[in-house]
Structures are given as C-alpha cells and as structure tokens.
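My structure is below; once you've seen it, I'll send some questions.
Labels A, B, C and D are assigned to the chains in the order they are written; within every chain, residues are numbered from 1.
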Amino acid sequence: KTATLEDARRVIAAGEERARELGQPMNIAVVDSGGNLIAHERMDGAWIGSVDISINKAFTARSFDIETEALGSNSQPGNQFFGIHTSNHGRIMIFAGGVPLLSDGEVVGAVGVSGGDGKQDQTVAEAAASAF
Amino acid sequence: KTATLEDARRVIAAGEERARELGQPMNIAVVDSGGNLIAHERMDGAWIGSVDISINKAFTARSFDIETEALGSNSQPGNQFFGIHTSNHGRIMIFAGGVPLLSDGEVVGAVGVSGGDGKQDQTVAEAAASAF
Amino acid sequence: KTATLEDARRVIAAGEERARELGQPMNIAVVDSGGNLIAHERMDGAWIGSVDISINKAFTARSFDIETEALGSNSQPGNQFFGIHTSNHGRIMIFAGGVPLLSDGEVVGAVGVSGGDGKQDQTVAEAAASAF
Amino acid sequence: KTATLEDARRVIAAGEERARELGQPMNIAVVDSGGNLIAHERMDGAWIGSVDISINKAFTARSFDIETEALGSNSQPGNQFFGIHTSNHGRIMIFAGGVPLLSDGEVVGAVGVSGGDGKQDQTVAEAAASAF
C-alpha cells in the first residue's frame, strides 16, 4: 500500500494553497511507502536550497514514521538521538516540515515542505497532509 | 529569464500524455535556468531508479545547453568528453532523455525523462519540450 | 506488497546452499519493494568489497525491475544506457548477480549476490530467487 | 580473530527475541573485526531509516572499541569529541545501540541496533551481545 501520483498531486496542491495564503513560496515533495520521490514542486521564488530539504524531510518522515519536528526535539545536543542527522548520507532532516501520510493507521508515504521558517513549513505540511 | 512552475507543469503534462500513448510510465523532471529542480513527477509504476536519472538528465541538459543524447555521443570511450559522467558528483547523465528548453534562442531550463528505453525517453522528452 | 524478512531468509539460505556447492563464499542481500535492505549475509571468507556490491545489485534489480546482467548489456560503451552506473549516487551495479523477486508478476523485492565471478554470482542469485 | 557468520546469526537472533519481548521491530547488524558488515536483518515493520543506522552503530562500536552510548556522552557540544559524528563519511553514530563483541578481552566485532528509542535500542543490543 502506497501513496500514488494522484495522491501526491492533491497533497501538493493543498500545500501550495496554504503557502499562497501565507504569502510564502514553498518547495513541496511527496514520497511513497518506500521513501522514494513521487512528486516535487517548487513555487516560483521559493529557495533553491529547499529543493533538497523538502525531498529529504519527506524521506525522513517516512523513514522513521514520525514528523520531522518531533524527531528534531529528540535530536538536540544531550538528547537520545543527537547525531542522527549525519546518518543516511545526510538525508535526515531534523526540523519542522516533514509529515507522514497515513492510510488506515499505516504510514504509506510522507510530505516534506521547505521555504519559510519552521512554523510556516509545518503549517503548510499539515495542510498538505490533511488533503491525503 | 527562466522556466516557471507553470511552464514545468505544462511540459510535464505533455510528456505524460506521450508516455501514456506509449504505454510506458515515466519519471519527468524540469529544471530552471540555474539547473535547479522546479518540478518532478513519477507516474505510477515507473522505475524508482529513474527518479534520480530524470532530475539529472534535466540538470545535464541545462548544464551544457545540449541534449543528453548528443552529449553522450561525445562521451563514449575515445571521444573528446569521455569521463565527463563522473564530474559534478555523478549528476551528469550521458544518454537520451534530457532536452533543453529554449526561449528566444536562450536556454532557460531543461526537461529530463527516464523510465523506458533510450528511444522512448527521448520521444517523451521531445513531446514534453515542445509544449514549452 | 513486498518481500518480508521470512522471504529474505529463505532466499538467502537457498543462495548460500548453492554457493557452498560451488565452493565460493558469497555476500547475499535482499531488498523490499521500496529498494530498502531487508537482510544481508556475508559467508565466512567472502570478499569485504562485495558487501556494498551485493546490497546495490539488489537495489539496482528493484530500481529498474531488471536483472543487473541484462542492464549491463545495455550499459556498455556505445549502448543506450552507457553512463547509468554513475547515477543514484553510485548505487547502480551493471554486472551479473542482481535478480528481481516477483509475486503474481509484480516485482516486490530483489536479491543481490557478490563474491565470485559473474557466472557464479548469477548462478547463486538465480538459485536464491527461485526459493522466493 | 573475528566474529563469524554463525556468531552474527546467534547475536541477531538473541536481539530479535528481545525486540519481540519489547514489541518493537528492530534493525540489527553485526560487523567483524575489520568493521565490515557480516549480517543485517530488518524485522518486518521496522524503520527503513534504521538500516543505515544499525550498520553504522556496529561500525562505530568496532571503530573505537566502545559502546556508541559512551562515545555519545563524549561527543556532545563542549566535550572532547564533539564533531566526531561528521568523520568517516557520516558513518559514526553517537547514540545508544552499538556494542562491541569481545573474545578474551579483545574486540572482534560489534552489534548495532536501531528501531526504537535509545533505551530500547541499547537493551536489544546488550541482549544481542550477550549471546556472543
């Protein structure tokens, strides 16, 4: 069971709508149940450094079945997962904006958002995920 | 001057239409004038190994303002660019499927296609580019 | 739908039995439908350089739904996929020993074998896959 | 002198038994005296992001002949090894779950566990190592 391209488009569209409301252009990416990219869009004017981050936030959320924001709070210096951000060849993102996509309680993909501050990324990711 | 997200969507949609005619699911990616990803889509059932390849065919086509098929013919053993495929951290793709996007004779982006044999990838990339 | 750990163990055990018949210690790896490692074993005395190769032969066979030997024949200089071996961050293996695992005609994983010459690797991979 | 495949299987089996008791699926990996992977298993449902982490916790525990948890306490900001996690091409893991395997006081391999919180990973790694 996995998210499909049609799912990914709907999720990305919902995220972009929220990004426009915030007035902040974003990168939005969706991965499947294997952590592999289904679709990515960069809104005009969004940061080019966020292409990689959005894709890898989605990868991270699926890789550990967790929101990247929650993983991040466990990965600060002194906390139990500090250092996890150097694993998986630099693909683990430990700040807000990656959210798993669930179907019947099972994680079947994830969305990753990057382009604003942490609160904006998280807000857009949640709006995107809720369209799944 | 650069390709926009709206351009990328139109290009990808045209490529997917051609892919459906061929009955071969594809990965299609579009980069901007800076070689940076604007959008990527993987059709359901398309190879997961082609995510990276489609994005990097587009990167390559913009990086050298050339179709990847033409670059490939210059990059075979004994030819003038043999070895170029290991440059740029493995991002240079030297086989068919990457096509520059031109506006008034200027390269402002590129499309990359991967998911079939070389002829199929090239056919889809050309259909995609012609929608630009 | 994906190969499970129990599947992987059965596949690896069958491969190792064949490897013992050949008198050649091997690395054998199995990935799931997303290309992610399920299990790997290195028989005592097998090459340490083959750890990476066995895992990535399995990854490649799933990434393109093809035996790595067949991909290799398309990836020689002058052929349509020459250069593919530098894509996917060096994870694409284009010589014999990677075989997809099919269930009802669908690729749901793959096995990768490395430790001998090409013919030995392929023989062991086929024996392994046939236990799936 | 080094851990063998038979050792690795026994160690992994003991770890998996403990993981089942905890109700938490895990990735478990064993490396030899050279730090090279002997065997890895991912229990069904365990995180795919933990494949890399389990292998590299084992690599780290053998590379410095130390439990990764102890290395981690020396690698926090302000401590003597802070920064070590970016060495060795991102293979050094500085959180709980990697334990050396000793024979007659000599480190001859290591086990790495990833799939739960730090306490769970450590508990499973210790159970695994005690079967050596």
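Rule of thumb we're sticking to: a residue touches a chain if its C-beta (ideal position, glycine included) is under 8 Å from a C-beta of that chain, and two chains touch if they have at least 3 such contacts.
Please read these numbers as outputs of a predicted model, since none were measured by experiment.
Chemist: Which chains are in contact with both chain C and chain D?
Modeler: A
Chemist: Could you work out how far the Cα centre of chain B sits from that of chain C, in whole Å?
Modeler: Between these chains, centre-to-centre, one finds 28 Å.
Chemist: Suppose each chain is reduced to the average of its Cα coordinates; what separation in Å results between chain B and chain D?
Modeler: 41
Chemist: Cα centroid separation between chain A and chain C, in whole Å?
Modeler: Their C-alpha centroids are separated by 31 Å.
Chemist: If you average the CA atoms of chain A and of chain B, how far apart do the two points sit, in angstrom?
Modeler: The answer is 25 Å.
Chemist: Going by the contact rule already set, what residues in chain B reach two or more other chains?
Modeler: 48
Chemist: Per the touch rule above, enumerate the chain pairs that touch, sorted by label.
Modeler: Pairs satisfying the touch definition: A-B, A-C, A-D, B-C, C-D.
Chemist: In the complex of these two chains, what residues of chain D are touching chain C?
Modeler: Residues 4-5, 8, 34, 36-44, 48, 51 of chain D touch chain C in their complex.
Chemist: Provide the residue numbers of chain C that touch chain B in the complex, in ascending order.
Modeler: 34-35, 60, 62-65, 77-78, 80-84, 86-90, 92
Chemist: Enumerate the contact residues on chain D facing chain A in the complex.
Modeler: My answer: residues 47-50, 52-53, 56, 72, 75-77, 85-86, 90, 92-96, 117-119.
Chemist: Mind listing the chain A positions that touch chain C in their complex?
Modeler: So the residues of chain A touching chain C come out as 32-36, 89.
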